[in-house]
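Presented below are the structures under discussion, each in the form of structure tokens.
In the two complexes below, chain A is the common chain; its partner is chain B in one and chain C in the other.
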Partner chain A sequence: MDIKEVPVTQTDSKGKKKKNKKTKKKTAEDAESSGVEQKEEKMEKSESAEAAFPPTFSVSEIKNKQRRHLMFMKLKQEKRKQKMQLKKKKKKEREALGDKAPPKEVPKTIENQRVYDETIVDPEDEEVAFDEGTDEFSAYFNGLTNPKVLITTSDRPRGRTVRFCEQLATVIPNAHVYYRRGLALKRVIPQCVARNFTYLMVINEDRKIPNGMVLCHLPDGPTAHFKISSVRLRKELKRRGKDPTEHSPEVILNNFSTRLGHSIGRLLAALFPQDPQFVGRQVATFHNQRDFIFFRFHRYIFKNEKKVGIQELGPRFTLKLRSLQKGTFDSKFGEYEWVLKRHEMDACRRKFQL
Partner chain B sequence: MEDRSRLCSVWLGAETGILKGVSLSRKQAFNFCNTRHLSREQEVRALCWGDPAESELLVGSRDGTVRTFSTEKGVFTEARRCGDPEEGCFTGLATYGATLITCGDCGTLRVWREDSSEPVTELQAGKNVSRMRQNLVHRNQVATGGKETGLKIWDLDKPEQPTFTAKNLRDDWLDLRQPQWVRDMAFIPDSQKVVTCTGYHQVHMYDPSTPQRRPVMEAKFGEYPLTALSLPASGNTVVVGNTHGQIALLDLRKGLVCGALKGLAGGVRALQCHTSQPVVASCGLDRFLYIHSLEDRKVQHKVYLKSRLNCLLLASRDLEDGGTEATDAAAASEEVKEEEDEVWDTMEQVEEAEEKPKRKTSEEEEEPQKKSKKKRKKGQD
Partner chain C sequence: MQHDDVIWDLIGNKQFCSYKVKTKSQNFCRNEYNVTGLCNRSSCPLANSQYATIREEKGQCFLYMKVIERAAFPAKMWEKVKLSKNYEKALEQIDENLIYWPRFIRHKCKQRFTKITQYLIRMRKLVLKRQRKLVPLSRKVEQREKRKEEKALIAAQLDNAIEKELLERLKQGTYGDIYNFPVHAFDRALEQQDEEEESESEGEEEEEEEEEEDDEDVGKREFVAEEDVEESDLSDFEDMNKLKTSSDEEEEEDEEEVSSEEEEEEEEEMEVETKASRSKGKSPANGSAARKKRAYVEIEYEQETEPASKSRTT
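Here is the complex of A and B:
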């Protein structure tokens, strides 16, 4: 029975305590015999300190839960000890070398490992500059129009969504909230254009919480459909300031680097008036990280030249772009500039679109 | 400029008015624009070859001008005024002998001669025409179709009446009129049949040789309007693209979907299959040019071109062709070396494949022990 295992188990007993995540082999025979062997091995704990050979069994083969737990704890402690020893050694070496020490290694993060995206906009690119200079937002960015936003919801909104819309209207200057009486968006849009609105924002609700947003730039502009998550209304925020005032806030757009990101950044920036009132000391931030856009609204105060204090005011929410459609809202017959195709685009963790 | 334009095997027109040429062998894209002065009025709406030798391109812009671009010289040689911008953009451009055929969005189809600035023939093809295509075998036949305008096939020698007018589908089960919106069409070579794709995600096949004016075959794909259609060189299939960026291969005999080509993120604006290679090029609103292979449905090339692309043209010659003889010779010797490399590569791959199953089945009972024995022995040594 144990003929195959004899050379193995002898080394096993020595190397039992070694971390051996490489060998994950499980054998039925081993399981049976290991129960017997482990008792012996426990007696030999003291001997097993610095064995060189990794054992074949793993902690998960021990059928007794308490013993397994103990073995696992020991394994973890050993690992931690090794790690601390390694760290100490490295630190000593570093101090010993002094100036000649190699630079500190930067840990790998998903943002660091981002796959090279060829659509990242080069600031000096003339073609892209021309494209952006003559696109649908050029009227706003050239100062010809002022934003006027119509905020509405899907039909029959419940409390949370209604409060969210009201708070959004305080955050975005020149925004009006209207009740959606089951009206079709395609009919609402020409009426908005006639009344000089520049944006139509529809907050979609599902099960009493807002979960989607359709942002349509009005004369004939692109329509973006976002998924909203993680909405925090004002009273749910801790350590918040008082309500925001009527001053136009400054807008900060972080990390919109690709061509699609530029389009979305411009779409979000055109919601706010072009000239911010610095007297109000309010700032709205759209921070893009890993294709999620985080919206925050703060009031800041400069204590001295280097220190700033900030107070979070308004609502807080996260957006994820689902589709960008050319033209005003027409989900059936409109042409899409970009559609999120989950299985194709989300397959690689290090590839982002915005 | 000249050698660059000679290298390009794929030509694209962008919304910003730039004519782009892509050389796949060198993996480079070139912009050919008139001056530093770009404008959206020159948005390229239609592209076609000026002559059978493919040395000239005709570029139709939004302001109604048709410019001629010479691939030999790499510059725009001529510009003609062929219509007003109020009448709508070009939906089709073709050449018949020495004449130029243009069709606008409002439905007016005009035939122009070189010398005069007035059209020789002018006909109304309907209220709204989305596309006009020419039969490449019988070049006097032209098909038009649009929103609420059915497919009409015209013979340019007898422009008074269309030779074939298609009838709309039968009323549906509620006796309501079915809406029709022909977006793109193609003539099937070696027969009189015409395939069209509609904005209501249908693909119809019409046969003018039969007395039936309704579609002979109908196929459906997806839920979004189909915007582009192309026929591969190997018959019986058709490639269609829709506004969501989904491209599918449909079989014309049964009307079923054979397969889909993935990769596009935005609406497909133009599709073209190569005349000899089993390759299809697609471009769209997501600013990329994709070249898919029809056999294994994988992306062969993906090129980022910074503006939204409206139309595309493929050269008939080999797509990866460098263009000059010197490169051909070099390519030939490279090919020989590549073949040898390929032989070695395939050999290595087989060995790797043998190793992998060994590792995968390592979780079985007996093998791991033997393996671990081997490993341990090596360690011991």
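Here is the complex of A and C:
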């Protein structure tokens, strides 16, 4: 062990120090005379300087785990101390300068540092406006069709999923829940179209909890496949209000900035009827943050023109888009506009799709 | 020489047979040439030199036969006959090949063949039906996504975003005339609520208001929450209850003002006032008119009811 340590410690001659531990360090001199070890080291300890790390040193070169861990902790403490000192200094300077101090720096967040995506929609973009005027949702947005939603599940749903579907049906006006008797989706779709449904929503279940959603816009519209996570049913919400009424809620869509985000936003917005009833004071929110779409359902009240109070009713869940497919549900032959690729996501933390 | 009895004597009961599986009630035979699957004297392919089975390969059934004449040639021991896909024809083929064979083996072969065709039919049907595709989840990836979701939730600050959006919509006038907040430039410039209260009181009689407000606060017990959010929610409740019953209260007060005044009414009046001063309610026109009347009358009785209100709240 001692002999092996020689090449390591030769580079670290200035010294790492361990105050209360036996160090088997050798200085360059001792390395040559290999016999003499611990006594000389102890003497060296008191002589050598305190914690001056040479540039080539790195904590990971220490082979002993315990010691390495201790050195690492020390390093961290040092760094923290330096940081605090820096902060204090800056604060003092700021106070000293008073009004002339430079403005506070904005902290970097992931949203600030987001990688520029060329598909971010410019509000005045004509091409986008034209596309949106002629896509599958134009009929809805021009007020021609009223949404009618069919909610169903995968085979043999368990209690939680069933309750989730029921609550969704109260939140979305004009929604009907049907029990899936093992029918194939491709056969269900023509029947829905025949009965004037505009949306087909299938909640997929795994291990007794809902974990996926297929949202299919019916007269050959796009199909989106989402992953559902953190579903909270009504009785699990704290400080919630009474059940939602039959009034159509307003819709809030936040942060859908790219082209893909825009189409998903329109897809979700078309679930609700075009004219909300403000009397009901209910609002459904789809908020996109870092590619997670959070759904909330609130009742609001304006206390005065500066303050509004909101109270959460209704279920809450999070969606993450997995794939968007043109045309109705067809997993084999459908044309996929966008598919989530795992590795693409993990490559850059600041890059988002929606 | 093939001594079936000797063989059976050994592997059947006394010594070890590697194909035998013992359970509490029965013995099974794992030999792939076994017709029935049980470990019996008559079903053991090792202990019978004349034996026949049906086996299935990729949807095709074959009849395998073993006779004692070929016992010396293990490579050529089993004779393989392809059976037709037609069920009845295949049965006839079995009969034809196993003619003069013991009844037991013939019967068992036909039984096995029937069972095999049945499960092949079922397999073909299942393929046509919807198949469940199992997608493997990588635990690491799922954990990572969960953490990202939590952080995104924190970064989203949903309540604030929703409130902001709603206020924006109110400003832009998407709600039309439902909410009668007086939108003056003067009001807009003022940012604090105290200033707003002052502007309200300017429209009415200041002194009375201030006196009342001071005296109101003296005896009144107010429950303050730690966090802003809770506060808004709680006051939401109060507001909503009050708003629902506000019209009732006003009616009562209008009637009773004329007659005589008691403690309770004044309590209600004070409550309605505080609500009105806190929020520009839905019908400020009525409220202000009633308030003006009430304010004028209340001055006379205020001092009397002060201690009473204190006792009430305690």
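Please note the rule applied: the second predicted complex is superposed on the first by the 266 of 354 C-alpha atoms of A that agree within 3 Å, B and C clash if a C-alpha of one lies under 4 Å from a C-alpha of the other, contacts with A are read in each partner's own complex, and residues count from 1 in each chain.
Note that a contact is a pair of C-beta atoms (placed from the backbone, for glycine too) under 8 Å apart; a residue touches a chain by one contact, two chains touch by 3 or more.
Source: prediction; values computed, not measured.
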Partner chain(s) touched by A:125 [first = chain B, second = chain C, both, neither]: first
Partner chain in contact with A:254 - chain B first, chain C second, else both or neither: second
First, second, both or neither for A:333, with chain B first and chain C second: first
Touching partner for A:290 - first (chain B), second (chain C), both, neither: second
Partner chain(s) touched by A:235 [first = chain B, second = chain C, both, neither]: neither
Which of chain B and chain C A:65 touches, first, second, both or neither: neither
Interface residues, chain A side, partner chain C - complex: 109-111, 182, 184, 229-230, 239, 250, 252, 254, 278-279, 283, 285, 287, 289-292, 294, 296, 298, 300-311, 318, 320, 342, 346
Touching residues (chain side chain C, partner chain A) in the complex: 129-130, 141, 144-146, 148-149, 151-153, 155-156, 158-159, 161-163, 165-167, 169-171, 175-176, 178-179, 181, 183, 187, 191, 193, 196, 230, 232-233, 235-237, 239-240, 243, 278-280
Parts of chain B lying in touch with chain A, wherever the complex brings them together: 15-16, 18, 31, 38-40, 199, 223-225, 227, 243-245, 262-263, 265-267, 285-287, 304, 306-308, 362-363, 365, 368-369, 372-373, 376, 379-380
Chain A to chain B touching residues, read off their complex: 4-5, 7-8, 11, 23-29, 52-53, 56, 118-119, 125, 127-128, 130-131, 134, 259, 326, 332-339, 341, 344-345
